[in-house]
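Shared chain: chain A. Partners: chain B in the first complex, chain C in the second.
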Partner chain A sequence: MKDSLVLLGRVPAHPDSRCWFLAWNPAGTLLASCGGDRSVRIWGTEGDSWICKSVLSEGHQRTVRKVAWSPCGNYLASASFDATTCIWKKNQDDFECVTTLEGHENEVKSVAWAPSGNLLATCSRDKSVWVWEVDEEDEYECVSVLNSHTQDVKHVVWHPSQELLASASYDDTVKLYREEEDDWVCCATLEGHESTVWSLAFDPSGQRLASCSDDRTVRIWRQYPPDNEQGVACSGSDPSWKCICTLSGFHSRTIYDVAWCQLTGALATACGDDAIRVFEEDPSSDPQQPTFSLTAHLPQAHSQDVNCVAWNPKEQGLLASCSDDGEVAFWKYQRPEGI
Partner chain B sequence: MAGSQDMFDAIVMADERFHGEGYQEGYEEGNSLGIIEGRQYGTLHGAKIGSEIGCYQGFAFAWRCLLHSCTTEKDSKKMKALESLIGMIEKFPYDDPTYDKLHEDLDKIRGKFKQLCSLLNVQPDFKISAEGSGLSF
Partner chain C sequence: MAAMASPFSGALQLTDLDDFIGPSQDCIKPMKVDKRPGGGVAKIHIEDDGSYFQVSQDGGTQKLEKAKISLDDCLACSGCVTSAETVLITQQSHEELRKVLDANKTAAPGQQRLVVVSVSPQSRASLAARFQLTPTDTARKLTAFFKKLGVHYVFDTAFSRNFSLLESQREFVQRFRGQANSTQALPMFTSACPGWICYAEKTHGSFLIPYLSTARSPQQVMGSLVKDFFAQQQHLTPDRIYHVTVMPCYDKKLEASRPDFFSQEHQTRDVDCVVTTGEVFKLLEEEGVSLSQLEPAPLDSLCSSASAQEPTSHRGGGSGGYLEHVFQHAARELFGIHVDEVTYRPLRNKDFQEVTLEKEGRVLLHFATAYGFRNIQNLVQKLKRGRCPYHYVEVMACPAGCLNGGGQLKALGTPSKALLQHVEMLYGMVRTEAPEEVPGVQELYRCWLQGEGSERAGHLLHTSYHAVEKASSGLSIRW
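Up next, the complex of A and B:
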């Protein structure tokens, strides 16, 4: 496990503040960061170092909690505690705020674009998840307001290929939503975590979902469609989700983020104990009951809580992380020999 | 012989007997007082919900009239949401407090109302008070 995670560099992305979240653009050339200083910063490489290419500072009145790139890479959405979500359009190195989505009653906690690029989801401390549709003229329209959670909703993420939405909440559950007759409905509730679920990540195939929690575990859930071979019961035409693996005993504090590498299948976690960990699935394990091994553990990756980890979508092994200490760090991960 | 035994019984067991009778009387009185209190609470709570839904319904009817003549595609989406809200409100079982999906359906109505406000670009400021509800935009 030694040297499997090597530091490439650090940048003081949001000085005197927290850096809350990171997002790589689909091409893997730019990294967006956002923080408690109410700004969004865009980072790119210049030779061997990372430099700040743009600062988007006039969009929000309060902390920016999450950022997300559209699948085409031309738009960036920013979710803020000021209860709004800004949509920024990229014009070379400049970003212009083209729309501000309002409606949530209080802090917006997360935003995510569907793989089609036509749908956007936001969630908030007001316990609701909103689904928005965007047309060719960049007009956004709310298509559904989902009140399924009973507490603050922390994160939303879309399935990599289906129009399936997942949300994580302070109510300890994960909920899944799909479209049914022009409206969106909650089609599954995943129970099992014993505390707030902070983040979610689908695996590259979309068959499995990873969730991380304040209960210091990561859970892997698998989708079983009706008439599946394993004989898992389903109600109606909706697939059932079962927890097929729980990673416990590895983290000593709340796990704030989990990221599933779309290139290699490696799972990275961001923890409140200031460490970054990477897990890989044992190739010989049963797909219905997989086992994961810890392949990297870097204590003190940051000097405070690690809030986010993000795998670069094009460059294998390139991982970015950010922390309450306001810094963004870049890492090179190499799967250790003999695993 | 049997008669004198019963008489002593009555005296010896008097304490327990009065305790039992007292309990029974108290239980019945508590029961009826509880029903009265429960009914008052239920009336208040039911009125709150009725008032909230009534507001949504009035809002939806008013907008349906306003948009009646419009025919753009955007307006058809608004009409669809309007009709959906009106439909949900009409289908709601107002006389069955034991309806198992009561809260679920109420949340769906609230969600549809919020979506509709977003589409109409209207910001409702909804306050329900004991004196009657106020709805300001």
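Up next, the complex of A and C:
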């Protein structure tokens, strides 16, 4: 299983600091990284190696915790502990900060762009999730402030095709939100994790959501619309979500990130035990009760906690990871034979 | 504490109340230790019922008294371990009102306090909806209920609201005319909502404060009326009056506890206790009383010329009608235009609406209402970028305004939207009066305040705001 994940290269992305998060641009040609050194770096290939093409260092006063590309690939959002979110516009190799979103009371923990490109979500230690709308003139306005969580909100992610937003929190729950009339409402709360939920990832179809937690499990949740064939009860017109699979016993520490490959359906995890793991769904398993097998386990992938794993959206098997050790690593994943 | 939704407005929830009543590491109040000679070391034993007993070396036990901390103690010193929310909710509650009423029963005549309750029209509308009564019947029956409990007078804050509206009108016209002299004259933002004010003071401090209207809210004007005018009339010092207000939200408790509304001279607050509509309902339940079954009592009024047996209200929505009154007054005063009906145009959502006064294609006045935190956010961000097109904005922390406050009675069975519409309808049923035409108001300006725009009027009908520093101590961070 060690051979299914092969190291392609490492870069000291944020030296003497932590590298917190990575995001591939939609074209799969650039990788944005961000870290405790308050900067965002853009990486691209030059021949066989990865080089730093830009450094965005003037945007934030504190750690940059997450970065996210817009669906069109022309904008990058960075969420920072300085309570702001910067929106950068790409102009060839240069990035210019076109606006700074303020309003959160304290550290912004995550930012995510909706598939339509018109909406942005941010979340914070102030327990709230904000939805922003951007107009043609690159002006952002707050559309909703959601106070559903009772603790620090760690991560937000949008459904791949619907305007459905998911958030993960220190309050051990995952919440889902949708638009209702002129406001956004929490339409589901997923309970089951026994500790902080650190990250989320939708599967390529958007029917399932993976969550990872400090409780050392990954949970897979499935959406059941009203009048579903399986007879899962729904209240009103909102779908119900059920936990259909729990991956436990594989991770020895907190799982900080989970990434669901949109090309192959493989699930990668970033763990506090410095390892990277990959899981694949058994093809013969029941869709209502799927089973996943561990297809790669690389201990010591980094010398410290792995904070993020990110699948390249265009190149199959290309995985990037980053760590508290400040490094970014690139991997080639190949599904092992006989599985 | 288990995860419980905070009853305060969204704006206050995000603002962190602890910076207003700051908890810090040392509670200094219960430091009064009775030192007895030769006591030696005592052990503390906790009984099953939670009471504490001190067991001295000779085996003797003594029950220990719980350290009691009053709200005033908290406000006076900086050290209290309790969080601000807990302090506000427990120290200003219907139980506190009960305690005062009970104390009155056993106190000597010279020691009794005159208890006055001022009811907001929004709370009255909420109770009217629950008990299926008209606003008039609700007002009369509430009066009867409070008097049964031992309250001496029951007033309506719609009366004090007249002053808030008149002062706001005058202030706006002054600031509009003074635009050439000051870059911060406009826009002017309403200040009757404490959720908004506390957020503004804390998050945007010195930047936003110059734009806030200095007119006091109806609650605090009533505080002035009761503790200054009424006290004089009753030949009492202000501290002998216990003034309770009934409000649609919890944020008003914070407003009442502001140092600006505490009289150093008389060591008393203008408003001693704020109870929410829900807390009044609890009182009714505890008394085993259904409001509808009570015999109505005649309504009290602050001055004889204002006495009426029916409550009156103001146009312009359930949050006081500031935009509407200031708009119509400004149109008349500044442009000589008489506006019969104010037309609202909804913007991105129904809590964000605008009103314009146009003449020959020119926009003379551009006003807006911004309710709810997301609209407040956008408004402030626009202002910061120099892109705020409004002259005046009525700002409220709660979506749909005060009728939808966090302290109002919740819907039973029916969807909350239907209840809100019902409460709005009941609120709107009350006959409205222009503040200029309310009899007692002009009289009070003359004899109590010594004229409009006088120094006394400025002192009793206006207030000021203070930028609040974010507490940087690690102890105030809720990890």
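Going forward, the second predicted complex is superposed on the first by the 338 of 339 C-alpha atoms of A that agree within 3 Å, B and C clash if a C-alpha of one lies under 4 Å from a C-alpha of the other, contacts with A are read in each partner's own complex, and residues count from 1 in each chain.
Rule of thumb we're sticking to: a residue touches a chain if its C-beta (ideal position, glycine included) is under 8 Å from a C-beta of that chain, and two chains touch if they have at least 3 such contacts.
All of these numbers come straight from a predicted model, not from anything done at the bench.
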Ask   = Clash or fit: what happens to chain B and chain C when chain A is overlaid?
value = clash
Task = Mind working out whether A:196 is in touch with chain B, chain C, both or neither, as first, second, both or neither?
result = neither
Message = Applying the document's definition of touch, where does A:295 land relative to chain B and chain C: first, second, both, or neither?
response = neither
Task = Report for A:223: first if it touches chain B alone, second if chain C alone, otherwise both or neither.
result = neither
Inquiry  = After the superposition on A, what does A:171 contact: first (chain B), second (chain C), both or neither?
reply    = second
Query = Which partner does A:323 contact after superposing on A: first (chain B), second (chain C), both, neither?
reply = neither
Request  = Run through 39-47, 165-173, 201-209 or 291-299 for chain C and report the one that clashes with chain B in the overlay.
outcome  = 201-209
Intersection of chain A interface sets (partners chain B, chain C) = 102-103, 128, 130, 141-145, 147, 182-183
Ask   = Can you name the residues of chain C that touch chain A in the complex?
value = 3, 10, 13-16, 203, 348-350, 373-374, 377-378, 381, 399
Note = Note: in the complex, chain A contacts chain B through residues 102-103, 128, 130, 141-148, 182-183
Note = The chain B residues in contact with chain A across the complex are 74, 77, 80, 84, 107-108, 110-112, 114-115, 117-119
Note = Per the touch rule above, chain A residues touching chain C in the complex are 102-103, 105, 126, 128, 130, 141-145, 147, 150-151, 171, 182-183
